[in-house]
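Two complexes, one shared chain (subunit A), two partners (subunit B, subunit C).
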Partner chain A sequence: MLRLPSFTYLQPNTLALALRMKADAGPEGTYVAGGTDLYPNMKRRQQEPRTVISLMTIPELAGCGIRDGGCAVGPCVTLTDLCAHPAIRQHYDTVAHAAELVSTPLLRNMGTLGGNLCLDTRCNYYDQTYEWRKAIDFCMKKDGHICWVAPSSPRCWAVSSSDVAPVMVALGAEFRLVGPNGERIVPAARLYANDGINYLTKQPDEILAEVRLPPADGWDAVYHKLRRRGSFDFPVLGVAAWLKWDGRRVAAARVVLGGVASRPQEVVEAGAALTGTDLSDEAIGAATEAAYRPAKPLDNTDFDLSWRKQMTRVYVKAALEELRARRR
Partner chain B sequence: MPDAKVKLAFELNSEPVEVAFAPHKTLLEVLREDLGLTGTKHGCELGECGTCTVLVDGKPVLSCLVLGLACAGHRVKTVEGMAGGGSLHPLQDAFAELGAAQCGYCTPAFLLAAEALLGETARPTRDEIKQALSGNLCRCTGYLKIYEAVELAAARLRGEDAKPAPESLYGVR
Partner chain C sequence: MASGKKAAVTQPAAVGRSDGQLRVVGKAIRKVDATAKVTGATRFADDLFLPRMLYAKLLRSPHPHARITGIETSKAQALPGVKAVLTGRDLPIPFGILPVSQDEHALAIDKVRFVGDPVAGIAAASEEIATAALDLIDVRYESLRPITDAEDAITHPEPRIHDYGDGGNLHKLVNLEFGDVAEGFAEADLVREDLLFFEGSTHLPMEQHAAVADWSPLPDGKLTLWSSTQTPHYVHRALAKVLELAPAKIRVVATPNGGGFGGKSDPFSHEIVVAKLAMLTGRPVKITLTREEVFYCHRGRHPTLMWVKTGVKRDGAITAMHFKSLLDGGGYGSYGVASTYYTGALQTVTYDVPRYKFQGARAFTNKPPCGPKRGHGTPQPRFALEVHLDKIAEQLEMDPAELRLKHLVPPNSLTANWLKIGSMGLGECIRRVIDGSGWRQKFRKLPPGQGIGLACSSYITGAGLPIYWNPLPHSGVQLKCDRGGGVTVFCGSTEIGQGSDSILAVLVAEILGLDPFDVAVVTGDTDLTPVDLGSYSSRVTLMTGNACIQAAERARDAIASHAARQLEVPVARVAFADRRVFDLEDPTHGLAFADAVQLAEAAQGTIGTVGSYTPAPSPGRYRGAGVGPSPAYSYSACVALVDVDPASGIVRVPRVWIAHDVGRSINATTVMGQIEGSVYMGLGEALMEEMAYRGNRNVVHKIPSLLEYKSPTTLEMCDVVTYVVQDPDPNGPFGAKECGQGPLLPVPPAVANAVYDAVGVRVDEVPITPEKVFKALRRKEKGEPARYGPATFPEIAWPEPTRVPTPWEGGDGRAVEGGGRRATEAARRP
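Coming up: the complex of A and B.
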């Protein structure tokens, strides 16, 4: 039977109190929102905090509404509530779609937007019970020294497995981080680092306090997800594509891949291949090839890695064709 | 003193309860070990199988990933709270009538997830039922009988005099 290790559980009702509790707890303290990522990890002893500070009791982290033309979303909004929110459904249907593809209805009733954005990176050699990991002498992400996916590698290759994060990067969303020394605003892409262990640039004592979506004006975006089961699974490939139209021409474009690196991977060359075009077959073909080249899936998630790389072509093409079909 | 017991008050199956338990216990452990309600089942304990589903404030959640302490003041419903006044819930009747279970281990979770769905949607489509139950795994039956049982219970809850289709009971002749 998998039980949680013992820890102290705290439920602050303000951000300031949460920060103070974290300062008191030190490196052995951690924040939790829905718990659907942290608690399984704790049961498998992948994370062993002595103090767990809940953010779900802080009212200011739970709202969602239109502000300054854009939309401000609290990170503790559950994925179910995010999908159902009228402003999100009407103006940011791709965010709702990506959130709806996360896991199961039960887990979306618990898991939050912030939790999915900060989701721990995943790997076949890491997401295992303590005994399983011990049997292979652990890996460098927890308790060990080696990366079993690439044994000569100095870094961890665990995979970014969020569905919503690639969409946030593609949309150019911003995150407000609040820490003991004040707050800062970071573009979504800059929250993430391509390192399986230190995959967030957020400091451990900082709290993701707000997600700011840009005004829903003049752009369109789609998200396509590859997974084994249609009912629920982590993405083995996610494609978020965003376009700004200038009449019939593409004024700007971003293509962001999930599930192929330790962070959401923007393929700048793919966006460049689309800019200035009318999204012809040739432009889509060029962007598809550009996205295929840097996608470097490793043998540490579901499916054969060469097949997953091939699927990059298929999914990027489908995403861009959908954007073309949606053009008004 | 993280292991000293804590006392918690919440509403369980429409009655107020108080219970003392180790503070790092999950709701699943509190229900089964400290309250003696073993209708809620252990499955994967990692949030994958859905077998430990209960309703918190009317919404289906996985009790293996909810801390007991997070339930203070909330409404919790388990399968033990479904029958009332000496009769089974229409979903329980329909599951039994259609044989929508083999080993039955996942059944409490399916019943509660289905009850939450019917609380929101009186006339769910087959796709809506599939979606609502997509987080619950059954490794015995396949899901057809379960979907049919939910549809039958939904019809009866709407006041219709619904009977199982003959092919549901006897197969296609």
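Coming up: the complex of A and C.
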């Protein structure tokens, strides 16, 4: 059986204390919420913190409620609680839907919103045990120098595998980050960088303290997920589509893909192709093609990569057709 | 769910001295170990903790194929907490499950043969220390070109993975011909050839293999090994051989297996290593494999390329069949020689095949060894054959169900390859699934994207021959009656979740008129129980069942003779039921079972009996005839309904109808469970399971984890409508045949045939993944052949065929030429 290595586990009850503990622990310290991402990674020695600081005992990270017309969600709300929350179900059903598609019920009982948003990027060559990675001589994301997915590449191509992140980007949510030098607000899209190693712009000592959802009127959104099985699996493709309606016309649109890059990938051309249309078949076709062309899946997830690229068309089309159907 | 009986059941002699009613057999009975399992009370091997216990880890090879040029262990040995380090030199004697393939070492000595091959073993005070010590062992390797798959093995006879076998990197070649196949093809109205591929898959038991060894040096040394093994008897033999201990100095206890499916049927490196470490340190040593290591133990389904050619008359009657298989065996022999024969043995057992030729080859490759997985070597040819027949039926413009029904193998007959068929309920199975699924209203009539497919199969109820040649019983049972009315039954069989412990309790209860929960069951312990060969080849219900019936009948006869005297009735009228022994003609006149036991014990001493079972010899006498014979064959028919999304190629299976001829259901609940479990496993192989390796990246296993090795979840599991057909076989206990493996076989071809019915494309390989369906649909759109599958079968230098005349050609079961003796014969000896 794979065992966790030994580590020090701390449970601060305030954000300030958590920041101090992290400062004391230095680079060998890390935060944890539900642990469903970190602990398996630690068992496989993908991450080797000596000090693990739990955020689950900090009350201000655990709430969820309507505020200023929008909704403020604590990142330590479990995915199960998020799905069941009346305000989320009623006003942000797509957030609840995406959260409900994460992994399995058991893991959603432990895993949190913040954990899914900060989920480590994933790769067939990285999410393996120490011994396996040793057999191929490691990769640049941990202990090695090469990207086995694209050996001539200077960068790591591990893939963003969050279900909720593409939805947050599509919705235009904002995140409040608290660090040793105070706090800052970043738009969801700006939390992520297209690099498999440095996939978050959040500094390691910063804590994701709040997720702010925009007021829930005048727009609609959907999320479609492709994976091998109906449970358990990470997305090999996620499609989050958001629209602002102006009567029967699309005033603004965003199409964001998950599972194809190291961050949730907005396809600006797809959104542009929808704007000003009534979501006709032609408009959906144009947006679908726009999303298909730049999607460049690599051999870093389940399924054959050429098929995954083909599925971009199928899934973007289905998502946009659902948006159209919801309008009627 | 429905169930049914085929015909009036012949009353076996076993229930002679009762009122003729079966009181326990056939009922739905809670498994005797179920409460412990669901409450967590069952102690699996990893649950065992002994005082002063050490923990072991294995260092495994990071190379697929390399010579070991040096191993330096001093740094590891110096790490505080490390108690012992072993390398291959400490365990130089080879072992292997088959006498002809003694090609494994507990730890590699000169050479490693796959990524994950064990190289060194460590015992330490904690698992963490043992793990840390692994990195302190310095192994120097000299890389050799890896052999990535079976075709690579054919084109690259060098470097050889093993220095034995049938030449180069071919482990085994088989060439058998029964009757004049050329003549059969000449008589045919239609001759069709097909190429198909069945991908490898692994067992995926929930419980990872674990073992604990204890060595008592005083008075003169005794080793005890607790292990999650399906075959304690074979582990006992391997330990005796490798550790050079007298068998009497070794006790192997098979702990309850948290699933086996064939993956715990070999003696394993980790079992031998913990035993040796316990002997060296004088302390108990435990090892629990990681999930990744379980993938490296493997012994799962052989990836198999198949070519089949069949001649048929216009009415579908088969005139001849020629079948070729190429198996990718992985790094060691394991059961592979048997697996190779099994890919050709049972083609004749379902439909009438008057002339048959089989050529099989197994290659060594630098991957974890393949072996027996549920259905052992037969799901692959069954997939090929049933898809092939579906295509033949279409060409003949016949309904595939009609074609099969018209040409069933007759019951109580001999096949072309000299297998003896007993009861044969396939016709009833086909009729059940056809009627139940509404086949006639659906086949080729469903809307686009929906489809329905049929396939059938047959499987052995226990192998007719043991793994090492011997004339001894395959299963032995001891039975002891307690004065209080309880009975203890002892048998070497192993509970792997399939319900074998319950079979013993049910049969004893039936014969002695008890409740199954009055029977204490002691199994899988080489010190306490008589030998049973193990939980493999679907042998346990039939073989331990028959042994158990014999022991129970002997106890019943002993008790009855004394009870008859007490009751003053003829012994023939003494009956056993409801914990009583009574006069059949006046059931109120009797005594409690416990009192009857006391009477007998007072009169003749302790009431203990034995029973044993040896299968009757098979009529086949040619070399290779050892694989295929069985006391009885089970039959299954399956209809699968599929939904195929033409935009993505994603296949969903909402429902499967399956009928299985189990001969006689001993426990209705476990029969149903085994059939449904087989459907589940078959569905996984049909749709997604795949032992994938990266040939260009050191031949590492692509996905050795429970998350990324895709197996269906509850959501992917189809609804199953099960029909239990009972066509009792005279060789089975109360007529029972197997049900744990056979029902898997028809599921993959039924799904493949249904996909064709749904979207008109043939995916001639499993798993039938969305990518393959999508590609085939693309080809169809472009007007190319609407198919995804293998294109060629490589040239193989087959040995001269062993020619065996069929029974209807006046043969006597012997070969007239060939005989399979080859120059490499000497090399096969250990």
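The definition used in the following text is that the second predicted complex is superposed on the first by the 327 of 328 C-alpha atoms of A that agree within 3 Å, B and C clash if a C-alpha of one lies under 4 Å from a C-alpha of the other, contacts with A are read in each partner's own complex, and residues count from 1 in each chain.
Keep in mind that, in the parts below, a contact is a pair of C-beta atoms (placed from the backbone, for glycine too) under 8 Å apart; a residue touches a chain by one contact, two chains touch by 3 or more.
Everything quoted here is computed from the prediction, not taken from an experiment.
Asker: One more residue to check, A:310. First (subunit B), second (subunit C), both or neither?
Answerer: second
Asker: Looking at A:2 after the superposition, I want to know if it touches subunit B, subunit C, both of them or none. Which is it: first, second, both, neither?
Answerer: In the superposed model, A:2 contacts both subunit B and subunit C.
Asker: Based on the superposed arrangement, let me know which partner A:135 touches: subunit B (first), subunit C (second), both, or neither?
Answerer: After superposition on chain A, A:135 lies in contact with subunit C alone.
Asker: Looking at A:152 after the superposition, I want to know if it touches subunit B, subunit C, both of them or none. Which is it: first, second, both, neither?
Answerer: Neither partner.
Asker: Determine, under the contact definition given at the top, whether A:231 touches first (subunit B), second (subunit C), both, or neither.
Answerer: Both partners.
Asker: Does the superposition put A:302 against subunit B (first), subunit C (second), both, or neither?
Answerer: In the superposition, A:302 touches subunit C alone.
Asker: Could you give the residue numbers on subunit A that contact subunit B in one complex and subunit C in the other?
Answerer: The answer is residues 1-3, 5-6, 231-232 of subunit A.
Asker: Could you list, by residue number, the parts of subunit C that touch subunit A in their complex?
Answerer: Spelled out, the residues of subunit C in touch with subunit A are 46, 60, 62-63, 115, 127-128, 131, 208, 288-292, 647-649, 688, 694, 697-698, 700-705, 707-708, 710, 712-716, 769-771, 774.
Asker: Under the stated contact criterion, what part of subunit A meets subunit B in this complex?
Answerer: 1-9, 11, 35-36, 39-40, 43-44, 50, 54, 56, 80, 103-107, 109-110, 231-232
Asker: Could you list, by residue number, the parts of subunit A that touch subunit C in their complex?
Answerer: 1-3, 5-6, 124, 127-129, 131-132, 134-136, 148, 228-233, 302-304, 306-307, 310-311, 314
Asker: Report the residues of subunit B in contact with subunit A in the complex, numbered from low to high.
Answerer: 2-3, 22-26, 29, 42, 45-47, 50, 53, 59-62, 65-67, 69-70, 113, 131-132, 134-136
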